[in-house]
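Chains: A, B, C and D, in written order; residue numbering restarts at 1 for each.
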Amino acid sequence: MIAIGIAGYGYWGPNLARAVAASGCAKVEMIADRMEPARARAALHHPAARLTADIYDMINDPKVDAVMIATPVNTHFDMAMAALKAGKHVLVEKPMADTPARAAQLVDEAARRNLILMVDHTFVYTGAVQKIASLIDSGELGDLYYYDSTRVNLGIFQRDVDVIWDLAVHDFAILDRLMPSQPVAVSASAASCIAGSPANMAHLSVYYDDGAMAYLNVNWLAPVKIRQTVIGGSKKMVIYDDMQTSEKVKVYDSGASAGTEGYESLVSYRTGDMYSPALSSKEALLSEVQEFASCIQTNAIPLTDGVSGLRVVDILAAATLSTKRRGFPVDLVQKKVAS
Amino acid sequence: MIAIGIAGYGYWGPNLARAVAASGCAKVEMIADRMEPARARAALHHPAARLTADIYDMINDPKVDAVMIATPVNTHFDMAMAALKAGKHVLVEKPMADTPARAAQLVDEAARRNLILMVDHTFVYTGAVQKIASLIDSGELGDLYYYDSTRVNLGIFQRDVDVIWDLAVHDFAILDRLMPSQPVAVSASAASCIAGSPANMAHLSVYYDDGAMAYLNVNWLAPVKIRQTVIGGSKKMVIYDDMQTSEKVKVYDSGASAGTEGYESLVSYRTGDMYSPALSSKEALLSEVQEFASCIQTNAIPLTDGVSGLRVVDILAAATLSTKRRGFPVDLVQKKVAS
Amino acid sequence: MIAIGIAGYGYWGPNLARAVAASGCAKVEMIADRMEPARARAALHHPAARLTADIYDMINDPKVDAVMIATPVNTHFDMAMAALKAGKHVLVEKPMADTPARAAQLVDEAARRNLILMVDHTFVYTGAVQKIASLIDSGELGDLYYYDSTRVNLGIFQRDVDVIWDLAVHDFAILDRLMPSQPVAVSASAASCIAGSPANMAHLSVYYDDGAMAYLNVNWLAPVKIRQTVIGGSKKMVIYDDMQTSEKVKVYDSGASAGTEGYESLVSYRTGDMYSPALSSKEALLSEVQEFASCIQTNAIPLTDGVSGLRVVDILAAATLSTKRRGFPVDLVQKKVAS
Amino acid sequence: MIAIGIAGYGYWGPNLARAVAASGCAKVEMIADRMEPARARAALHHPAARLTADIYDMINDPKVDAVMIATPVNTHFDMAMAALKAGKHVLVEKPMADTPARAAQLVDEAARRNLILMVDHTFVYTGAVQKIASLIDSGELGDLYYYDSTRVNLGIFQRDVDVIWDLAVHDFAILDRLMPSQPVAVSASAASCIAGSPANMAHLSVYYDDGAMAYLNVNWLAPVKIRQTVIGGSKKMVIYDDMQTSEKVKVYDSGASAGTEGYESLVSYRTGDMYSPALSSKEALLSEVQEFASCIQTNAIPLTDGVSGLRVVDILAAATLSTKRRGFPVDLVQKKVAS
């Protein structure tokens, strides 16, 4: 059993701790939170775990094998770095860090010490995204043309991050898993409806090196909750609607191919069946924790490793820069290495 | 009865002719189309109308008071200009012309000759858009924050125009009616999935001088047809779903206002009723033809006059320019004059 | 070309005439309607057809090969009988007659004269019902457990028929095509919300000899239009939603099978894929007219022949009887002969 | 604080215990369950509660003021009767008992001892049903014409109760709250798709003394989960869709009124706005527990008292009887006394 320390027991920490307790391969060794009510809740839920108000105490505890960090974004770097330096494996909440430079330092430190560094890109472990990934990897969709996502709701206006770092980060993590090609540039617009608040709505276009495009529409100020992604391929198209309780993923045979001759050289229609595949109902967070434990034990590279976390932070930073200049395109630096 | 000449009896011309015949204030005097089968259909539907293969014959016919132009975009300018020079009032299909300069020449010519120049922005005359306009004009929505539209389907790949000029033009026409402020810049990305075809998908961000934003998502290559617009205001929000057979427009009381104090200065939620107003079921095209006839008779300015057509062409051209440079923002020239 | 006479040019007659004109194998020879405005419309739409105010003139016209009857239900018997006695083939609007006895007389007369007698059960010819029929006939659904249909809307309160004869007739026609077993009894409740009007809402349960059930919910006084049918089989289940513009038919793999052992002998779940088959988009009425013409030419038995029309009238009459006695079950007489 | 004993800690008992703990006016004094794992869970969730394997120990415990019974239906009567005889107030799971006679005995016993007897008809306490009740009580819907409910899903095949006692019971409880008139008869059909199992699908028609109708469609073997109720009134109509995450209740202005004159005496259409009222988001079970505690303290009659539970059992038994005879109508005995 891998002994886990949970840093932060506010909104997300309890979910991590619950998944660890249910994993069968890891246990909650310690929980750290500077707020007393959070520790009281932790004591109730995990009576066998030791508690501390000082996260660094936990990071340096010899019985802790690995640390999961669920604290505010601007503390991720310091805590993760301290944990790595203390020889602990690290799973860090998304986004991995607040700048690409800091994310890169974490990657380097983990590599130098041969420790597992993993980012909590939970959506990548859902049955829906796993199914879509398999549809793409198997070639069933054909060449990928676009990924077009709407992720809006009447949400909490965060104080420390804007809507891009809060919501678009999910799509960037999913894209990092799904897209076979390299993102090369991003153009983004954003606006804040409430004076003095971080941007609460944004639209982003990501350019890929093979001509594919990704579009993201994120908004904290929408009348209804929408979680809908359309993925267009040369052979098939997918609609992924995360608000559906069933039939979250639909695969469409219908498509278009270029006509070739004559005055009315329109694109011909092909319309066929649609199907909605059964999805794994295993909880994403549980799969993720088991992946973390397994990689620690076998020294394998996690699906959502530090390098993927770095790529996501890089594109978040580039998008933010583009929003300052009304969609001026910003080139991306971090490349995905062919696996 | 105003005597109308219909130029072009292909896809849209028959609809214009039918609306004229039903209007009660105008009649179909002539129909011109160079294709024989089109004229045969015209003869069947409008046995009292005179037919010709030469549109310029019709334009110069002394019994024709006004001309409606439903021919390909790149012919709009020549035909509309000829009609104006022949002293005819003109209703021209959208987009009004293929360049802002040409659109401006038409506006000037009509003004000089004191003729009515109107653009067929049909959506502006629908019960749904009229209702939304009244909600905005009456202040019920409060300050407008954003207009966010998805207009996608598995559509015909046009040969002569791209998806921006084919689909986004509808949103620009609606925006010209709805938005109380001035658009100042546009950033757009576009891509073509079929090599050698015009762009079939595009995302556009329009910046307004009061901080409002408009976002458009248009695509000819989507698995399902979506026609959904979300409009966010400081008091209320609207969802306009044109694919619904009933309840096309929904008005949401729910919203957000900035909290002011303390550690968790989140935005507070207000959640109230939703309602879906009854909409006029009068056919949009019929309202539009009656507006045209009425303006001819009273020398009033049409709701969708040549100047509005010019503003729409200006923003279409700016968006196209932006797509060539990966979303580089392009400033807009044509201003809407306070009415 | 088979020469068709259309009896009645009110609501449905024009559709029949249009389908005949488009069929390629029949032509509109005459149109009869006692109302002058109806004949004027007929002249406009079918200038080559001869017109008459007297339907019996048309029935006895030597150039007419077959008659299509689209007049009020209580006239079906007299007109169809006259046409058969004049040696004409007959297609009669649904329901075929107002009593089972009269429907049976028509069947006998047609058989004696070796004429085609067909009933206009249009839904049977839709792509959706044809697809469902093939799913059942091929055994893909397994044993049929139930057919459960909701057919409600804010509709016209008919004066001469109630909601069972107006709406449930569609389901009975579909059931006659789909169900492999014999209906043996019907229990129905009905009510009229408007005093003095025919019943505007009804619920019907039909018992089949193999234990299958059909349930129908019909209502003229519902706030929204619903056309949804669920069909449960031992292997697969179908949802047929006629209000959808795409994906009208969905086939579900999921099901249940009886568990066998122990304290918690629950039914086990099987959950698999769902798929939505592509449907023929050919107009149902066109297929029906071609079936009529083909049967006349080859002396074949139509899919919706007079005998099926009789079975439908029999069950309509039995349902009406049951409604008078608060759902008292009424046995059915007419049997479907194994084909 | 009222001291509550929870009888049965299987599926529903934990929800009752949690609601008691959250109520602020009652506490979980004891929990009884004969299964050891259930008691272990109870110990974890409610460390301050005393545990016992013998429910009668708890019923007779002097520190227990009131008992909540969440055991199988066929044990309700014995336990509730024992609790009443021990002088305890009782909240019993629905259905209140397995026969009307036993339900009536419980009502009598509680009345004789002046104890509160309440039935856990949870739906009555939801924000949606409360809102609909207020729409009816205020006269906004006008005269009630019908209640038409579909409550189907791919569900567990219960061993000890059929689908009527498992699912239709919810509608009967809601109807008991909503309908202003008396049910006088019920006609029901039911069938079992799995040989030897209790009926898994049923359709029920309930006749009211003012001509109103209620229709229920319940099914454990449906491909998708549907929870939709349409309520028709002379002024307005309601759609209540419990599967929606928002806009569960919609109120439609549209309706019909009888036309009076002439050949085409159709019903005229009135179409107006639709609105969706905001609903209380307070948990139904919490409201119910507070109602129970409040009635104990003030000796008031609960909204879902034993008499309402008896009426529901009476109609369940009548419906079951009707299903044995193919919808033969069965008269109802228990009357609702005007309050």
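We take it that contacts are C-beta pairs under 8 Å (C-beta built on N, C-alpha and C of every residue); 3 or more make two chains touch, one makes a residue touch a chain.
On a predicted model such as this, the values are computed, not experimentally measured, just so you know.
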{"item": "Farthest chain (mean CA position) relative to chain C", "value": "A"}
{"item": "Of C-D and B-C, pair with higher C-beta contact tally", "value": "C-D"}
{"item": "Centre distance in Å when chain B and chain C are each reduced to the mean of their C-alpha atoms", "value": "43"}
{"item": "Mean-CA-position distance for chain D and chain B (Å)", "value": "53"}
{"item": "Rounded Å distance, chain C centre to chain D centre (Cα mean)", "value": "39"}
{"item": "Residue numbers of chain C (touch at least two other chains)", "value": "224, 271, 274"}
{"item": "Complex contact set, residues of chain B against chain A", "value": "145-146, 148, 150, 152, 154, 156-157, 159, 185, 187, 189, 191, 193-197, 201, 203, 205, 207, 211-213, 215, 217, 219-224, 230, 232, 234, 237-239, 250, 252, 254-258, 264-267, 269, 271, 274, 322, 325-329"}
{"item": "Chain D-touching residues of chain A, taken from the complex the two chains share", "value": "224-225, 243, 245-246"}
{"item": "Chain A partner contacts - residues on chain C that touch it in the complex", "value": "247, 253, 271-278"}
